[in-house]
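After this come two complexes, each holding chain A, first together with chain B and then together with chain C.
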Partner chain A sequence: MNTTNKPSGLHLNSEPIAGGVILHIKGDLDASSSLDFDIRLKEMIAEGHRNFIFDGEELAYIASAGLGVFISNKDDVYDQGGQFVFCGLKESVLNVFTLLGLTDLFSFVETREEALQTIS
Partner chain B sequence: MIANYSVVCRREELKSVRDRFGAELHAHGISGLLRDQIVLAVDEACANAIIHGNDCDENRVIRLEAELREGILTVRIFDIGQFEFDPRLLERDMDFFIRNKMKGGLGLKLIHAIMDEVRFDILDGVCVCTMIKAVPAQVV
Partner chain C sequence: MSISLLRIKSLNPILQVIVLLSWAFVAGNAISEAYEGPFILLSWVNNLLIALFFVSALMLAQVRADLRRSTDPEILLRKILVGGLFTLTLVLLSQLFPQGNKGPIVYFTSEIYPLLASLPLIVYLSWTFARLRFLIDERTASTRQMLKVFLGMLLLSAVAAFWPLPPVLLYIFYGLALIPAFSLLMRVRWIAGLQPGSRIFVMAYLFLITWVHLGLLLWFIVQDSQGIFHGQAIQNPFPLMLMMFNGLYALMALLAVLFNWPMSAIMERRNSDIDGFQTLHEQISHRGSAEDIQELLLDLCYRNSGAKAAWFTRPVEGGNQVQYLKRGEVALGQISRWESGLKLQQDPEIIDRDGHIYVSDAARHDAFKELAFEYRTALSFPMSVNGQHEGNLVLLQRVEDAFDDYAIRMLGTYVNQARLALEKNRLVAQAVENERMKNEFEIATRVQENLLPKHIPQPSWLQISAAYQPAQEVGGDCYDFFEKGEDLYMVQGDVTGKGMGAAFNVAELKGIFHSNLDYLDQPDEFLLRVNRAVTACFDRDIFLTLVYLGFRPLQNQFVYARAGHCPVLFYSASKGEATYLDDKGMGLGIVRDDSYRKYIQVNNHRFDTNDIIVLFSDGIMEAVNPESGEEYGQERIRQVVARHAFFTADEIKEKILEDVKVYLDGERAGDDITLLVIKFQ
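Entry: the complex of A and B
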């Protein structure tokens, strides 16, 4: 498992899986921390990861800047046959995706196990 | 008055704004998902003002004011600077943002989705964002 702690207060743990990675996100994904997160996600896409499971059990908050990271990187992943799967999101975080009508664009499940089944 | 204070134009200030404003809403009986949404709208407006309106200049501040009167929450953010925004973006669907790998404009879409009224005015030479939300009587 790879751990990255950023000064912005966002903590990322990445765990490789077949054909992809589980990214555990802890903290707030806002206009401050999303800059680092975007860089890290682009690095992982460039490394060849295709399927991304975002474990949001400890994701306390997401702002539009955080959503923008997923939106702006979506095609680079989906065009290669990969996908973004979100699991364990709190109601308040999932609601932000809902407000912008994004729940049909990505996959949302409750547990890591369901997420792994989704990409298998 | 729920809030009346200045915020230095640094991205890192946004978390403390969210924590403080959320606590103030809670103290005034606004909690749960409604509070989370209002905090999100205020965070987005402050982020736009700090990043796009004031270029994250730490020598500048924005001022946040909020009051709750007869079930109407009014939030004003002063000195938001001037940033160009195409109002047509509000009408665009998400496919447009994805196709163009866009990040900008999402915050204002969220603000409009949450608040009942959003205005941008110039008061005494200062650009002001005003956001209004009716708060259901049972939560006040």
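Entry: the complex of A and C
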């Protein structure tokens, strides 16, 4: 397991799986931490990962800049047959995705197991 | 007698006349007496004229000296020397005439000429004394007091020419004059301020001036036995005192320069220390950059401490590397070894309480074992500004224990001065940055406010009340109204991004709306076109949320579509309840092609009189209560509307804003707050 600590209070743990990666997101995805997150996500896409499971159990808050990271990287992943799956999101965070209509675009499930099934 | 009388400028021409006239009469009288002329002055008149000559010469010199104040010792002494050589030549001219005992020519040489030569002599002596006064005057009360006393005694001695004193009184007078004279002879402080280059000239001048006065004195004594003024030289206290004083003062100053030669090196060092301070100070007021100040500090310390090598290490921003500024001969490899050795020093004996580290002999410390011992003494000043490490200044000397307390204190003061400068630099930079941020914020706020509609339509069947409160950081909220015949359309949106960028995005968005006004009555087409434009105009990470509302008053109907924005709150007057309209809809700029069409949901809704619609931005929903840390959410606003449904649109808006304000409890909202309240009537 590979751990990255960012000074902005966001912790990312990435765990490779077959054909993709599980990203455990802990903390706040606010305007400043989103910049780091975007860099990290782009790196992983460049490394060839296609399926991304975002484990958001410990994601406390997401700002519109955080949503922008998923939206701006979406096409690169989906165009190549990959997808974004979110699991374990808190209700308040999920609500933000729902309001914006992103639930129609990405997959949202409750547990990691369901997320893994969604990919396969 | 008041000395200030001597300094009255207007006396100058009068005194010149008196000097010349009194001298002319005395000389004429002597000549007339010698050659048995027709007319000889009474003895007491002659004495009176001599006294007048002395007094006026002394006063004239003082008055003229005050007119031309010159304080450069080198120039002053040169003038005195030139004048002295000239006078000495004049008085010695008599030696060229034939010597002997008989005849009128011999008489002229031995008796008359000396009296004629006394004019330049007395004038020169008085003049020299008046000039020396500038050197003697240390600008202290005691010096000035002594000068006054001595000047008074000189005046007395000049006046005494009128009534030649009996020997006893004369000796008492000389004895008394010794007191102020000796006191003044010690006032040679000016030699400390001599420039190194002029010191040797000053010594030469002083040496020659001493000899000139000795020569004049000898001549005067020799001549006096044949009688100038009053018989023996000793009976002429005025010229005698002046000659002795002037000559002795030059001698004393000469000795002082000679014996203070080693001291002057120290004085020079202190002077250059003071210069160093001034340079540092100027840098502060001229706002030199941090690098400039560090470089200046290094140069000053290196130059003024006499160190054989010195450097300043500073951390490079955003890394573990350091930058070196180096003076003198020392290899980079040696620098890093010294640095790590100095860092290890925890020995309280060598760490001063001011924070500097003084290694008096590196050979005796384990930490420096690996060094070549080319240098033995190290002095290090770690510098930090506001708790942040700014760098380290190190000075090296070849011999051990090479820095004395004075040097360390001096260098410490430089470092402190530089630290202040750096601190001030940082504060100024911060203030400038704050000002810039404030300006940007103000501009962004103004831009955004200008983007809001100036005029809100007020048709007879509808009340509209709008509120916009920018957050500390400007967001991208906007709303607009469009009237088309009977119909009224309105959009409320929020573009992502903060600050100036967001304001510009809003401006662009307004343009997009206006270019698609033709499609206003077809919500799905309108949104699709806006999505296209947003996709084309904005970066991929920017998206916007929107609520579209189209009112058709003739049908009592409104059409609405929500594109990812906060849900629409609807109060039904007939049911007496407020609910959020249930719908779906995706933000714009997310799906970047026309497949967006399938995410658009257009809804129709009926409205009746007293029904209410409330639109708001996420600034309200995400307002956080400082105590609970919870967000305001959707439910609270629903309750406020339900409770105040009988009020006007304006009043309901105020109630909601007030409720949010109470909830924020003095905190500021993190995002812009936009609120639109629509009531049908």
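Everything below uses one rule, namely that the second predicted complex is superposed on the first by the 120 of 120 C-alpha atoms of A that agree within 3 Å, B and C clash if a C-alpha of one lies under 4 Å from a C-alpha of the other, contacts with A are read in each partner's own complex, and residues count from 1 in each chain.
Operating definition for what follows: a contact is a pair of C-beta atoms (placed from the backbone, for glycine too) under 8 Å apart; a residue touches a chain by one contact, two chains touch by 3 or more.
Since the model is a prediction, treat every value here as computed from it, not as a measurement.
Chemist: Examine A:28 and indicate which partner it touches, taking first as chain B and second as chain C; both and neither are also allowed.
Modeler: First partner only, chain B.
Chemist: Which of the two partners, first being chain B and second being chain C, lies in contact with A:94: first, second, both, or neither?
Modeler: The answer is neither, since A:94 touches no partner chain.
Chemist: On the A-aligned overlay, A:17 touches which partner chain: chain B = first, chain C = second, or both, or neither?
Modeler: In the superposition, A:17 touches no partner, neither chain B nor chain C.
Chemist: Looking at A:109 after the superposition, I want to know if it touches chain B, chain C, both of them or none. Which is it: first, second, both, neither?
Modeler: Once the two structures are laid over each other on A, A:109 reaches no partner at all.
Chemist: Contacts for A:71 in the overlay, against chain B (first) and chain C (second): which applies, first, second, both or neither?
Modeler: Both partners.
Chemist: If you count the residues of chain A that each partner touches, which comes out higher, chain B or chain C?
Modeler: The partner making contact with more of chain A's residues is B.
Chemist: Which partner does A:9 contact after superposing on A: first (chain B), second (chain C), both, neither?
Modeler: So A:9 only meets chain B here.
Chemist: Check chain A for residues that touch chain B in one structure and chain C in the other, and list them.
Modeler: Looking at chain A, the two contact sets intersect at 31, 64-65, 67-69, 71-72, 74-75, 92, 99-102, 105.
Chemist: Considering the complex alone, what residue numbers of chain A touch chain B?
Modeler: So the residues of chain A touching chain B come out as 8-9, 28, 30-32, 61, 63-65, 67-69, 71-75, 91-92, 95-96, 99-102, 105.
Chemist: Which stretch or stretches of chain B touch chain A in the complex?
Modeler: 11-12, 14-15, 18, 33, 36-37, 40, 43-44, 47, 50-51, 93-94, 97-99, 101-104, 106-107, 109-110, 113-114
Chemist: Across the complex, what residues on chain C touch chain A?
Modeler: 496-498, 539-543, 545, 563-567, 584-587, 589-592, 599, 631
Chemist: Which residues of chain A touch chain C in their complex?
Modeler: These residues of chain A touch chain C: 31, 38, 64-65, 67-69, 71-72, 74-75, 92, 99-102, 104-105.
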